[in-house]
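Shared between the two complexes below is chain A, which pairs with chain B and chain C, respectively.
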Partner chain A sequence: MEDMILTLMEKYRVYAPKRYPDRSVRYGEVNTPSEIAADEKSHFSPKEVYLPIVQTIFCFKNGRCEEREIKDDRDILIFARACDINAIERLDTIYLKNGGVEDFYYKRLRNKVNFILIECSESFESCFCVSMGANKTDNFIGILRDGKIDTESEPVFVSENKMSVTIPDIDESIEKDIFELKYWRSFDNSCVGCGCCTAVCPTCSCFDTIDVTYNETSLDGERRRVWGSCMREDFSAMAGGHNVRNRAGDRMRFKVMHKIYDFYRRFGETHMCVGCGRCGERCSKDISFPDIINTLSGKAEQLKAEGGANQ
Partner chain B sequence: MKNALMPKPHRIINVEHETNAEYTFRVECGDKVEHGQFYVLSIPKIGEAPISVSSKGEGYLEFTIRKVGRLTEGIFGLNAGDTVFMRGPYGNAFPVNDFMHKDLIVIAGGTGLAAVRSMLEHFYENPREVNSLTLITGFRNPDSVLFREDLEKFRDKFRTIYCLDNTEAEGFKKGFVTEYIKDVPFSTFSDYNAVIVGPPEMINLSVKECLKNGADESRIWVSLERKMSCSVGKCGHCKIGCIYVCREGPVFNYAQAKNLID
Partner chain C sequence: MNKKQYALVIDLDRCIGCLGGCLVACKLQHGTALGDSRSKMYKMESGHYPDLEMYFLPVMCQQCENAPCAVLCPTGACYKDPEDGVVKIDTGRCVGCGTCRKNCPYGAMNFNKEMHIMDKCDICSELRARGEKLACEKNCAGGAINYGDINDPESEVSKLIRDAGENVCSLTDEGNKPSGRFILRGAKWKEEEPWKI
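Now for the complex of A and B:
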């Protein structure tokens, strides 16, 4: 395997889940095969490789704005599981398709990305990828197997999870009722708005823009975009104080509906959520996303039975 | 490949102090812009924000900016000859072609007037394009009145109702714009459109008042303001349900807008 990685590194920057000193498993560049933590689910998703947490959009120098070039001309190789490989297609939809605009910074990294599939011999505790249709993929150039890269064999995917969800059957007749459910109010106190769930999510794509200067007296600096989170109170706060989602429950509803309703309604094909289950694992208040989805399914069924009359 | 997030420098031609908190910046720019569209204005080191075009002319655009946040405070420090960075134009526009040869009602609260000013100027120059134009606009007090000269000349060609929240002054009635919507004879118009712009609460109350007075919801148009970090459908801040205000808005027909839950 040593040789294999070394060979790959001539052509690729290689990223894989790594165990860090703080015991977290996150994606990082690997230089030796022993660094790859392939036997457990990474706490963070691989999206930070091609959608960096902090990304310089441009530098300003002497009153001009200049793009910063990527110096490394190697392609990127990511060791990832099926759910995370499927997630990149969701991000492609936002960054390359939405609004008819291709994002320059996303595209130039995205175009370099290739995957090596990490097979899941069995599902982890909180996964629900099968329900989300994200348990299989053909977007890889090889399979990590027995410490080698296998380009010949057929991949093995999980076909069932310990957790399953039923996507709520929402249509226009009950949409408003679903958005206005009292159920959302239960999150006003339970969700602390830390944004952990969106940080670990492989499909969360929102960002904020900030300007920084290199020192206080300098006119030179750079504009950066930084991962944002719709779970944070200031996400939709405008200058002047107006905020369209003041309560944690409103923000929870905003996130949940995007993952299992709005995205599909806008683009068709798939839901945004790939069922990796990381959001629930990281939540300090044990808020379970699969539980929310299943609760909504029940509520939707009930609303339809009642003719969309009440909650 | 085109980089949608890269702003370009533009020279400020002139700065007009409308009020203590609202300045109009005339900026060199030859872009073709439709009524109701916006630009993302920025100052390196401070940041960027979406600002609607308040007027347009040969080789220039105007932005009427209210000092409410860090960026706008930074812009207030700029003078004629200085540079502001811009990208745009973004967003859809008021469906001016649909307004042609019909009655038009424009209801604007405070700085919201900036977003409809270029359209009002257009119909002032081309009054035959509309059957009639009723402008109801309100401000907090005499010191917060915008575009005083324009408002005076609009009286010649439009039916105008100008008001101030708590004070009476020459040419201005006392009260909120919502109190004067009942004076609009919706039932006598054969075909009309109503455009409502302003702070969110003012828009909500004005729509309600229009509906109460017999206006049809599909003839009401609103322009929504939301936080934006990109204006090209990527940052996610302005998303409402399955629409993005920066791409499908900011102008929405009320029949659609009423179903948008933030």
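Now for the complex of A and C:
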């Protein structure tokens, strides 16, 4: 297998889940097969490979601007699970098919990406990919099997999770009621707004653009794109002091509805969430995303029944 | 074997609140911008005239065992180094969101406005790697600052802590278990938290 990675490295920059000294498992460039941590679900998604946490767009130096180029000509090869491979299609929708404009900086990295499938022999505790229809994929060039890359065999996917969700049946008639649910207020105190859930999510796409200078008196610096998060207090802050979603519950509503309603409503086909379950695992307050979806399903059903009775 | 936990042990009886030793040395060493600082100095006053008491309290990162900054950092940029127990920031991953600052019980996180990243005391990692003394340790006028592995009973700081007996204090623990220690014999320790006001 040693040779396998070396052969791959001639053509690709190889990324896989790696175990870091602080025990966290996240994606990084690998040089030896032993580095690949394929037995555990990575704590972060492979998103950080093709949508870097901090990305320099251009530098300004001596009064001139210079755009950052990608120096490495090699393509990118990522060892990923089915949910994460499905997730890149959701990001494509946002970055390449939204509003008829393609995002240059996303596209130039995205076009280099190829996948090797890591099969899940068994579903992990917090997964609900089957409910979200993200347990299968055909977007890969090989399968990691017994330490080798198999390009012949049929892939094996999980068909059952320990956890399942029912997508709420929401339509325009109850949209406003869902918006006003008291349920969202329960997150005002429980959610701390750290943004950990959105950082580990493979489909969260928000970013912030910042200008940095190298030191206090320098005129040189760069423009960077960094990950943003709708769960943070200042995400919807506006000039003049108004904040659209001031309470944690409002921000939770915004995120949840985007993942399981708004995205689908705008683009059709799929929901944004792929059911990887990382958000719940990462949350320091143990807020479970599948629980929210199921609760919301119940509420939506109830609202519809009430609406029907009123008419 | 115990995990390593490097921390600052500050002998407050030797601190004269000069600000030049630790704060200015720290700013020079790390190039902290005007108005920013990785550490702060508080005057802890108590009593009524004529029975007055005061000591100086320099506050920087306490390298907590359950550091809320590291737990809540969304991108994992802020992490507790398993090698030395020091909380560090991976500048390549920091987006400057300020979650760490909001959740630090001691207000010990500094925001680097120029680079738009967070900045904190990492007990001079670079200097330690070169085997040099810490900037604050070297420049402290009273020689009040010591650092070392508090989990190693043989270390210098552990001896200091043992010798001081019950005169060893730490900042208020909110479940984060601060590692920093303060030795105070000359005055009564105040539980007040001026950084919260």
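As a working rule, the second predicted complex is superposed on the first by the 307 of 311 C-alpha atoms of A that agree within 3 Å, B and C clash if a C-alpha of one lies under 4 Å from a C-alpha of the other, contacts with A are read in each partner's own complex, and residues count from 1 in each chain.
In this section, a contact is a pair of C-beta atoms (placed from the backbone, for glycine too) under 8 Å apart; a residue touches a chain by one contact, two chains touch by 3 or more.
What you see is a predicted model; the values in this text were computed from it and never measured.
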Which superposed partner A:C194 touches (first chain B, second chain C, both, neither): second
Touched partner set for A:G307, first chain B, second chain C, both or neither: neither
Contacts of A:S24 with chain B and chain C, given as first, second, both or neither: second
Partner chain in contact with A:D208 - chain B first, chain C second, else both or neither: both
Partner chain(s) touched by A:G268 [first = chain B, second = chain C, both, neither]: neither
Partner chain(s) touched by A:W227 [first = chain B, second = chain C, both, neither]: second
Which superposed partner A:F44 touches (first chain B, second chain C, both, neither): second
More chain A residues in contact [chain B versus chain C]: B
Chain B/chain C common contact set on chain A: 208, 210-211, 213, 221, 228
Touch list for chain C against partner chain A, complex: 31, 33-34, 71-77, 79-83, 92-97, 99, 103, 114-116
Touching residues on chain A, where the partner in the complex is chain C: 21-24, 26, 43-44, 53-54, 192-196, 198-199, 208, 210-216, 218, 221, 224, 226-229, 232, 284
Of all residues in chain B, those that touch chain A in their complex: 1-7, 9, 42, 44-49, 66, 68-72, 83, 85, 199-200, 225-227, 229-230, 232-237, 239, 241-244, 246-247, 259, 261-262
Residues on chain A engaged by chain B in the complex (per definition of touch): 57-58, 60, 63-65, 67, 94-95, 98-108, 175-176, 179-180, 205-211, 213, 219, 221, 223, 225, 228, 230, 235-240, 242, 244-245, 250, 254, 257-258, 261-263, 265-266
